[in-house]
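Listed after this line are the structures, all set down as structure tokens.
Below are two complexes that have chain A in common, paired first with chain B and then with chain C.
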Partner chain A sequence: MKTGLRVFLGAFVALGFSWLGFVLGPVLQLGTQGQTTVLNSSQIYPNQRPGAATLGLQVYRANGCAACHTTQIRQDGVVCDVALTSAGSNPSAVNELVASLTLTNLTKPEADLVSGKISAAGGKTETQIVPIGADISRPGWGLRHSVAEDFLWDNPVQLGNVRVGPDLSNVGLRYGETWELAHLYAPASESKTSTMPPFRYLFTLQKIGATPSPDALQLPAGFAPAAGYEVVPTEDAKNLAAYLLSLRADVALHDAPFSTASAPAGGAQKK
Partner chain B sequence: MSEQVKENFETPPEQKSPTAPVWIFALTLLLLFVGGVYFDRNSGWFDSQVYAPYGSSDNLELYQPKSGLASKLAQGKLAYSTICAACHGDDGMGKPGQFPPLAGSEWVKAASFKRVEEIPQLGLNGSIHVLGQDWNSSMAPMGAGLSDADLAAVLTYIRKSWGNNASEVDDTDVKAMRAALAGHPAIGGEAGLNAIKE
Partner chain C sequence: MNEIEKKYSAIDASCRVPLLVLFGVASVWLIVGLVLAIIASLTFHKPELFGNCPFLTYGRVQPAANDAIVYGFAIPAALGVILWIFARLSESELLLPLLPIVAANIWLLGVLIGVVAILIGDSTGFTWLEFPRAGSILLFAAFLLIAISAVATFGARQERVLQPPHWFLLAALFWFPWIYSTANLFLVAWPVRGVAQAVINWWYSNNLIFVWLALVGLGVAFYLLPKIAQRPLQSRYFALFGFWTFILFAPWLGIPQSAPVPAWLAAASTVASLLMVIPLIAIAIVFVSAVRGVNVQCKGGPYCYARIATIFFLLSAVMLLVTGEPGVGNILGMTWYMPAQTYLQIFGFFAIAIFGAAYDALPGVMSFELPFPGFVRWQNRIFLLGLLLLVLPLAIGGIGQGLKMQNPAISWHEITQGMLIYLRFSSAGLLVLLLGSVLFALNIFVMTAKWQLQLAKSLAASFAGSFEAEEVKS
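Take a look at the complex of A and B:
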């Protein structure tokens, strides 16, 4: 075996290099990632998901939700909008100046220039940091790109790479538990054009006893079970719904800044 | 076989060492340079805090929003929804018969924020008169665990939301109140609240 040593060294170098790139590099970069504080606040982010949601992640994984859903929001760039907060002692002059300036879609240096001009005229301004991108412009999808912290407590992380269904990074902001459960049982009952398969095995059909179960789903006609029966979610379904509701990456962080003034009230469609 | 043929066979012609054209080296160096420039611009030097579109930590620093009134209100709203809203409601209306409303409350809207500042810091046990009704329940010092900035933000939020339009509360105000009231027991209702020196 004259070439044995050479083969060994060749294999060692090849595997060693991929180990450096795939293991050591990421660990050096993100291995010490921990909780951080929300921007301009002392709140800790992210908090551990509730127990049911942690179990729900395993249901999410077991049912292959990540095959059709992503949990990562992309951001193409960031712009600044200058907002006038006070017109000062000479409002007509300031308003005239403001009308002649572009106040949106600026870079930071441009925004500084504009607010400098306005404050020289006596007005007060606030610069809003606004992330932009195709994902962010979709209502309810997210306010900023996903960052490593968002997945701190998830094992395994269910990023997904195909969007047959919508991104779920902020699905907890969009809907409530009732919606999630009804949607898992009969997707078409909540969104007509949904191509999602129904996950009926996460629910039990049972005869209504002396009193109806408080957990029973309220389903529209056409999806409701026969009279005298009710559909109740299993523990798995409840855990999965808890996980989905815990998906809300909506706070500004140092590495993903945005002006919190533009933050939504929290789910227009929530019910 | 002649001598000449034999010699030619045994000593093959000298081989030139293989060469590569110069342009390959030039191209490699150029690619390395372009790669270096790209790396310098976009890698953030592998900082775990720097992602696209920021490129470098300096650029990221540039886009950190300054804390103004708008972001203070948003910060207050965040803390309000996690701490206060359970009793006082997302709409600030409280719960009839249990927890007094904050929307329109004369305590919240008062010109001086001293009173409304003291309640979350110390807690309130006993009767208080709000909007023509007596409310007799108990509130734990829910705001005592918040930072100065967060408590100031919550107070600013409730003083400026749901139709309230009172003045802003600053971190320094909260800090001063905390220093003045250190060790003070929970407030005993409206009488106790009025007994604290303004």
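Take a look at the complex of A and C:
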């Protein structure tokens, strides 16, 4: 090579390809994404987060929560469970048949075969879709894998890259506001050996006035302030808690289906 | 001193001030970055330490440390080395030397604004792109100014045929403005919607940390190895092939297997990680043929640095590529294994290559020996120890963490507790790396002070001289 121009052109083409693929492609495909409907329902998903939660996302960003927490639930796939909804006119024969069959952890054709046999005997069945995978099986972590729609209204999108702490995709399903605030103020009060740093600077320690503040935290001994003082969350803390409570991917979608009734139980059966 | 040596000493001298400024900026931010990283890792020893101090909470200090190290140290140091290599390969004095001097100061200001902004909670929230607009604009402008000086010097070359380091370093000069402007425009200035943000962020991170650092580090290594061994790079065609295939495939890495994005994106990364085996083999062949049969007593000097850096590059690339395989990626993704790979890439490969070049360049550039020549060998050993303590525990801990995450019967609490011991080792690793970096900074700053003293003396002498001349006249 005798000119730098060739290197520039080569680099232009090489980087340009990946730019088309990983910048322009997603912008065209995902950047125009709109709301979708919940599976088997006309309900729109996702809704805009509540106002306090939208502000709370900015507190989440400013304090770098995503340095330790991901919001990505993984899934290995789905299995089908067959549930007997009605034993029909000849319950003993149907129950006997059901007892001889495997009803859980099936592929779709297997499930169809099983339901065919049961309905031939006069019973009625329902096939349920059960997501599987280590993340799904972890109690409270998720009912299904995370999908692009879950983050439609967020800016910036905070997926996180390392799980220093637990995944927060569904933290809103696990705890309530009281728990979140106490945990932000003193993580050790909720879990003794927690490695999460406390965010005391999001709270105000103040003298109890004429009437105690209705927002004051109820803290266990050892974490509670001195007598005559109370710990009150700032607006930032309340907004952050509102954001955390809004983290809940609990509806089934076309690209992430699951059957509501049996999903948690079915998930726990696997592994 | 013969003619050739005279010529090179004039070329080296033309790089003096730009290099001192850029290396000065780099060594300060390296120390600041490592101190911030150590502060961040204190959280794993005593989580409640900074509970009342928003500026030092882990989520702010950790990204501030990363950015101080990459934007504060890695890029300015790389630019300094690029200027010097281009001047020497062109057999021309550095052109427009004022640009890099001005730009280094703008760069310093940009990094300062960015790091302070992260600490006060003004981060953009995007990995490796946390600096807010004011900082990024300064960095972008400063990079272009330095690139102008580098390209002008490149254009003035005597020998028209390009050398292997030219390819890598020119591509790097082109790469950064493109990825940095794309990421800032699409994520910060006019943010795109939804998870497209995350995809662009991963594309940027990979192109900065894996591709850009690799282009510079390999360019530097492929300059130093033949220069010190005093024989041209043996397998030029493998180098060319390795270069083209590398820039074609490497930018497609970096989308995690688990990401909540359309599956074709992660699949493209998987294919790219398979194809990346081709450039890696080519680069390994170039490296082996460059060092084989060479009679260099490296004694912990620049040649050792270049050799170790290339080996670490191959290691870090393999560490990254295995995560492209979906099965492995699902276990190791989102664990501490990933930061371990990043640390190996930055400190093991890139920093060591850059230190090697700096130690090779400085005596000639300053026209006096290093004030502490013994530090070169010591820094080498200290860095190896630091890397051992930093990368190995995190990688092993990360693999363990990933395997445990596969088993829901192991509670999350148990997983984080099991990781603590590895994290505490890694704090020690950071501390050791800090010590090594202080040795580098000492050499740079004592050299700068010595040079300023010389300058003051010669100014005083010339002033006295002209004064005497006046007296004689009257």
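The working rule: the second predicted complex is superposed on the first by the 255 of 271 C-alpha atoms of A that agree within 3 Å, B and C clash if a C-alpha of one lies under 4 Å from a C-alpha of the other, contacts with A are read in each partner's own complex, and residues count from 1 in each chain.
FYI, a residue touches a chain if its C-beta (ideal position, glycine included) is under 8 Å from a C-beta of that chain, and two chains touch if they have at least 3 such contacts.
The structure presented is a predicted model; accordingly, all values stated were derived computationally and were not measured.
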Room on chain A for both chain B and chain C (clash or fit): fit
Partner chain in contact with A:Q29 - chain B first, chain C second, else both or neither: both
First (chain B), second (chain C), both or neither touched by A:L113: neither
In the superposition, chain B vs chain C on chain A residues touched: C
Touching partner for A:P257 - first (chain B), second (chain C), both, neither: first
Which of chain B and chain C A:A121 touches, first, second, both or neither: neither
First (chain B), second (chain C), both or neither touched by A:V147: both
Chain B versus chain C as contact partner of A:A93, first or second or both or neither: neither
Touching partner for A:A224 - first (chain B), second (chain C), both, neither: neither
Overlay on shared chain A, then closest C-alpha pair between chain B and chain C (Å): 5
Contact residues common to both interfaces of chain A (with chain B and with chain C): 25, 29-30, 32-33, 145, 147-148
Chain A residues within the chain C interface of the complex: 1-4, 7-8, 10-12, 14-15, 17-19, 21-23, 25-27, 29-33, 61-68, 70, 72-74, 134-135, 137-139, 145-166, 187-188, 191, 193-201, 271
For the chain B and chain A complex, residues of the former touching the latter: 46, 48-54, 60, 62-71, 73-75, 77-79, 81, 146-147, 149-150, 153
Chain B partner contacts - residues on chain A that touch it in the complex: 25, 28-30, 32-33, 38-43, 75-78, 80, 83, 85, 108, 126-129, 145, 147-148, 251-252, 254-261, 263, 266
Touch list for chain C against partner chain A, complex: 43-44, 47-54, 57-60, 62-63, 118, 121-127, 151, 154-155, 160-162, 166-167, 170-171, 174-175, 178-179, 182, 186-187, 191-200, 202-203, 207, 240, 244, 247-248, 251-252, 255-256, 258-262, 265, 268, 330, 334-336, 338-339, 401, 405-409, 412-413, 416-417, 420
